[in-house]
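In what comes next, chain A is part of two complexes: it sits with chain B in the first one and with chain C in the second one.
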Partner chain A sequence: MKRKEKLEYADLTHILSPKSVAVIGATENPAKVGHAIMQNYIDVGFQGSVYPINIGAQGKIMGFQAYKSILDVKKPIDLAVIAIPAEFVSATIGQCAKAQVKGIVIVTSGFAEVGNQKLENALNKALSKIKIPTIGPNCLGVMDPRARNDTLFLPTYKIDRPKVGGVSFASQSGSVGSSILDLISAEGFGLSKFISYGNASMVDEVDVLNYLAHDKDTKVILYYLEGVKRGRQFIEAAKTATKLKPVVIIKGGITAQGAGAAHSHTASLAGSHEAYEAVFKQYGFITGDSLEDLLYFGKVFDTQPLTDGNRIAVLTNGGGHGVLATDAIYANGLALAEMSKRSERALRAAMPPIVNIRMPFDMSGEANATSYSKALEVLGDDPGVDAFMVIALFQTPGADENLVTTLIKFSEQKKKPMVVVSTGSAYTKSHTALMEASGVPVYDSPTAAARSLAALINYSRYKNGVEE
Partner chain B sequence: MKRKEKLEYADLTHILSPKSVAVIGATENPAKVGHAIMQNYIDVGFQGSVYPINIGAQGKIMGFQAYKSILDVKKPIDLAVIAIPAEFVSATIGQCAKAQVKGIVIVTSGFAEVGNQKLENALNKALSKIKIPTIGPNCLGVMDPRARNDTLFLPTYKIDRPKVGGVSFASQSGSVGSSILDLISAEGFGLSKFISYGNASMVDEVDVLNYLAHDKDTKVILYYLEGVKRGRQFIEAAKTATKLKPVVIIKGGITAQGAGAAHSHTASLAGSHEAYEAVFKQYGFITGDSLEDLLYFGKVFDTQPLTDGNRIAVLTNGGGHGVLATDAIYANGLALAEMSKRSERALRAAMPPIVNIRMPFDMSGEANATSYSKALEVLGDDPGVDAFMVIALFQTPGADENLVTTLIKFSEQKKKPMVVVSTGSAYTKSHTALMEASGVPVYDSPTAAARSLAALINYSRYKNGVEE
Partner chain C sequence: MPELMEYSKANFLLKKYGIRSVGSKYVSTAVEAVQFAKGKPIVLKAISTRALHKSKSGLIQLNLQGEVEIKKAFTALTKKAGKFKPYKMQAQHMVKNGLEIIMGGNTDPQFGKLILIGLGGIYVETFKDFALRVCPITPRDARSMLNQLKSNGIIAPDDASKKMIGELLLKVSRLFYENDISELDLNPLILHDGTYDAVDLRILK
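Let's turn to the complex of A and B:
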């Protein structure tokens, strides 16, 4: 097609929140992708109409009236999900157009990514004749928990589904997509949209970025990207997106060898790492070094207010963690906050004599919820403090569920950004899970926490045009 | 004392595996440190004699015959654990000497670390008169699961205790010590010795490093260090230690501000970061960037054979992870392995046509235990492969408990080093826990896995004198 004749970018609304879905390749055979997708629509409680399509269909499939062809349905269809062998996909595209579907997801693989350029060309030709937004091929498709829409064909018991929230995640790669989605569920922050777009034959990184930038339910965009086909348009999309909301990006194929692997994987032209880095920086993307960063940065942007200031108050009940926090703060271009005289007096009056009143503020292993509460109250009002790194080590006698409550309460005020560091296993995790579920971002180490705070502050400065 | 008159370094044997222990400050009051330590000896099933000492003692304390003074015991005492207020510690040291104890742990804090230099000086004076190895003050003390010895005064329900194993962990900081100990338990690798030595008034980093280097039960040393007081001797100890076994070190106080915090914390003189880095590199320490690295590197050294070769075979069931693995491998100075023609033929014959026979070896989301088993068999015998990074994403249909068994079996052969990457939550974690418990090091991301492989290979080259 002559792309973007009318739209600046593909409208993915009907793909993400369809009122009716045709599953082409639906089957009772549980070994098939078409079965897994049908099962999903049942499991997530999709509220719209579901039309299973299978050339050999007779009667019902998985309890739904089945059709031999999408043309037999003769009712409005928002989304067609195509899960049939690669050689039959192109022909089906035309039928979808004739049935006037409003969006298509092709999950089928076996195109350019395995060297089958001929099939990919045929698909591109078929897509060039239609004006329907189409995602794929070679992808997982989409998930929108609000719309109870889910085209993923992975067994539901193997991958946790996130709750509804403000984080959207786009991934060229299905494996990165599904595993990070699984972790997002575990971290306790909610999902707005998930889009895995594979070979990007039509809908590509430009469309996805533009759509998520303008999606009112998306507060933060996480992005795993292997390559960009439309460079100029991507830059335009980036400029707009990063002014509207934070975009955290992990780029696959940053080494020459990795770029080669990316080409084989999603038929991506990865381009030079330096060129990407320069663009990412210039247009305010938040770049991560590893998959962990998607989660680390994602949760701070999802939950904490922005700030341009880099003066961090560190509260701790363990001295070593205070030392490591200080190192990590300065290593990431931040600084320790200096307390006002007023704060010093208030804290001196409130703390036992053994506690030194200085930054990092080490309240000793005896500290309890009351100590933290007092420190947060005093330093929360101190104009010299821009943000908090609160280290709460639950191995100590004074740290318990009251401390969890204190930290959640402070976080709910949204007074100043706060990240929490709690290193530990079973007892600790049972407490951090409560905080995570209540919108307090918790990290295993001061390093991860400082990196995340730095991401927040640097983005805030970019957005507000503050010189670093 | 004139230290080291007879010993090259302090002998910590009686401190770590005592046959009898006096707990000075033992009490029925559960709010006190002396109570927590007594409770530990009960909980861990210590097999030797326990003597509670309390100046107000009458009859029994927590079921054990109590004494007003250690001098009243009149039986051989290997270890005295001192948990009384700081102002009474110095006087007690002399009594311990008179009672001919063979080792002392002072857990009490309130000395130089809180600016109480006078008390610290008095303690140093008392210690100068004895020749008994003494750990502390301001520390957690020691744990030796083999000897069922445990002086930690943290509530046992708040911190998991590791099983018996080959990893020893030394930490100047109690908070870093206890939280990492907690994580070590969760990661499923076993502990040989834990030593937290705080202000290091007598036993210091040189003694600890020397002792662990020569301890036959210690296979890997993990070290959180804030400062070194005896530089020349530390370098001598390092030279010896790193020739015997891997030493993974995290240094607190690497920034000027962090060093200031370290001084306040354990009264450490942190010294210049550059000087430390140079020494660490020259003498074969494995340096980590964050607390996570202690665990990441610790488990690869604990379980995998060394290799000087850096040609890594990547097996994956997810393309995006293959791309990220390739990036991480080259970013860490490693390289992808090239398959022999023989391997290519064998794999071509064994794999479905959709699978490209090249590195990274992406067996697609359809891969199952049989695919992995075949690939490990073929490439395990390929002389062009030095080590494996096996990416096993359990969200895919083919990855299940059979794959876990396959990976454990290959790992048990100890043919070539292998690290596994599995990103995910509940279903994934239930499978990775089985692998971890069976000595397979598993990582959340290709980045962490590649860093750990690089640490293994770089140490191997240092040990074998191979030029990089």
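Let's turn to the complex of A and C:
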């Protein structure tokens, strides 16, 4: 389908936070997708009206009054979720339009992605006749925990649903989408919106990016992108989006595009992959190398204030980790902070004689919550410190739940960005989970922590127009 | 299939955007080439739309000094260029040695026109040290492109050269963006003594 050239974005409001939902393909048969979707609406406690639609419907489906056709409902319907075999989808689109729904999600697969171009063309033709924002086909659909809306056909017992928060996640791919969603809940940061849009027959990355950019509940956008259909429009949407909020992006599916030999050196260097990289860099995206980066960067942007400065104070209770942290800091274009004379005097007075007053600030294995608290207080006021990397190794005698409280308290002040590194297993994890739940970004290696700080600082510089 | 723009037209376009190129002239005889040289060293090139890589096809001879050398090279090139007919012979003043860089443009199927700067010469393919942006670029983009290069410190060691290269990059970006062309190669651009020489030029419509 040829999309309009001028900028015009699909409004996804009614898809994300509908007041009423029709599930087309709803069934009592637990083996069917339509059943899982119905079950989820029950499980997540959707507060609006649910209308199960099934051509063979009689009486109720899963406790709700069922209808043979969406046209029989005769009440306002915000969202129609379509989960019926591919060959019936196009006809159903027309019925949804007649029923005046305000948004459609087509979960059904079996279109172009399996080589069924004929069905995809028929669907595109049906979609070209309507003006209703439509997501899919071949997608998981959407989730908005605030609105208790969930079109995902993944049973709630198989995948954790994140709590309500400020991170939104968009993914063309359903499988990447659901696995990241699962991990997001495990990391303890909350979700604003989740959108998986599959084949993008109508709503595509331009619409999704623009919608999330202007969504007031979204603080950070995480994006798994496989390709862009409308390049220049994507750039226009990106210019606005990245000035409004951080957009962390991972590009999958790097393949050679455009056959034929290059005619010039420039053409041979500037391939499709390089073009994407250029767009991401030029328009302020934060790029990650792996899916882990989405989580690493996501949590620092979700919880920490921005800073343009790259001078990092490292506090540690282990010398080796201090060295590793220093390496990671410089490897990522950051620098160790130099403390002021005033800070030096204050810390000298507060710390035992065996502690050297210099960066990285190694307070030894005896360091406890009081040592960390003092160091954060003094260096928090030092104008030569832009951000903190705090290494808290819970294997040491001095580190306990009081240290957890100290770090949470400092993070809550939002004075300067802080990332925490805690390497360890069960005992450590019990402490880091508390911190994560309270908005302290914790990493298990100095490398991941430094990468995340660098992402934060680079984005801040882009947003504020600071030269690299 | 993109079509190579005729050299004189391409050169005219360069001038229009204030980009200097090295003095050159089409010559049809060795004598004309000798007259063009005026005793200074020249380069002789056989230019054909059918041969995109002049040095690979052996269609270029460098640093020709004096009547004897020029005439000999002219004869040799004429022989080699035979299989790339039609071609034109071009004489160009030899430029000073310096650092070779590349500037260029390419059209991406998704994002449209892109501009590139990179370390040039024999290093282009080996190190692939280049920066790419979507056209049109801003002065900030131009600076950011230079900063992105690993060879940044060699290509632009001081503020004056940063400014000179940044401005040139903006001119190239404008030329590429505002004209109906799909590919552009200024390769090599030779940097020396705080200035540049655009030695070779290739524009594809």
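Operating definition for what follows: the second predicted complex is superposed on the first by the 444 of 468 C-alpha atoms of A that agree within 3 Å, B and C clash if a C-alpha of one lies under 4 Å from a C-alpha of the other, contacts with A are read in each partner's own complex, and residues count from 1 in each chain.
Quick note on the criterion: a contact is a pair of C-beta atoms (placed from the backbone, for glycine too) under 8 Å apart; a residue touches a chain by one contact, two chains touch by 3 or more.
Quantities reported herein were computed from a predicted structural model and do not represent experimental measurements.
Of the two partner chains, chain C is the only one touched by A:Val228; chain B is not.
Of the two partner chains placed by the overlay, only chain C lies in contact with A:Glu467; chain B stays clear of it.
Contacts of A:Ala275 after superposition: chain C is touched, whereas chain B is not reached.
By the touch criterion defined above, A:Ala331 reaches chain B but does not reach chain C.
Comparing chain B with chain C, the partner in contact with more residues of chain A is B.
Shared contact residues of chain A, touching chain B in one structure and chain C in the other: 257-258, 264-266. Contact residues on chain B toward chain A in their complex (touch as defined above): 109-110, 113-115, 154-155, 157-160, 171-180, 182-183, 185-186, 224, 226, 250, 252-258, 260-262, 264-266, 289-292, 316-324, 326-331, 336, 354, 356, 358, 360, 362, 364-365, 393-397, 423-428, 444-448.
Against chain A, the residues of chain C that register as touching in their complex are 2, 4, 52, 102, 104-106, 108-112, 114, 116, 118, 124-125, 128, 130-134, 137, 140-141, 143-144, 147-148, 183-185, 187, 202, 204. Chain contact summary for the complex, chain A toward chain C: residues 227-228, 231-232, 234-235, 257-258, 263-270, 272, 274-275, 277-279, 281-282, 465, 467-468.
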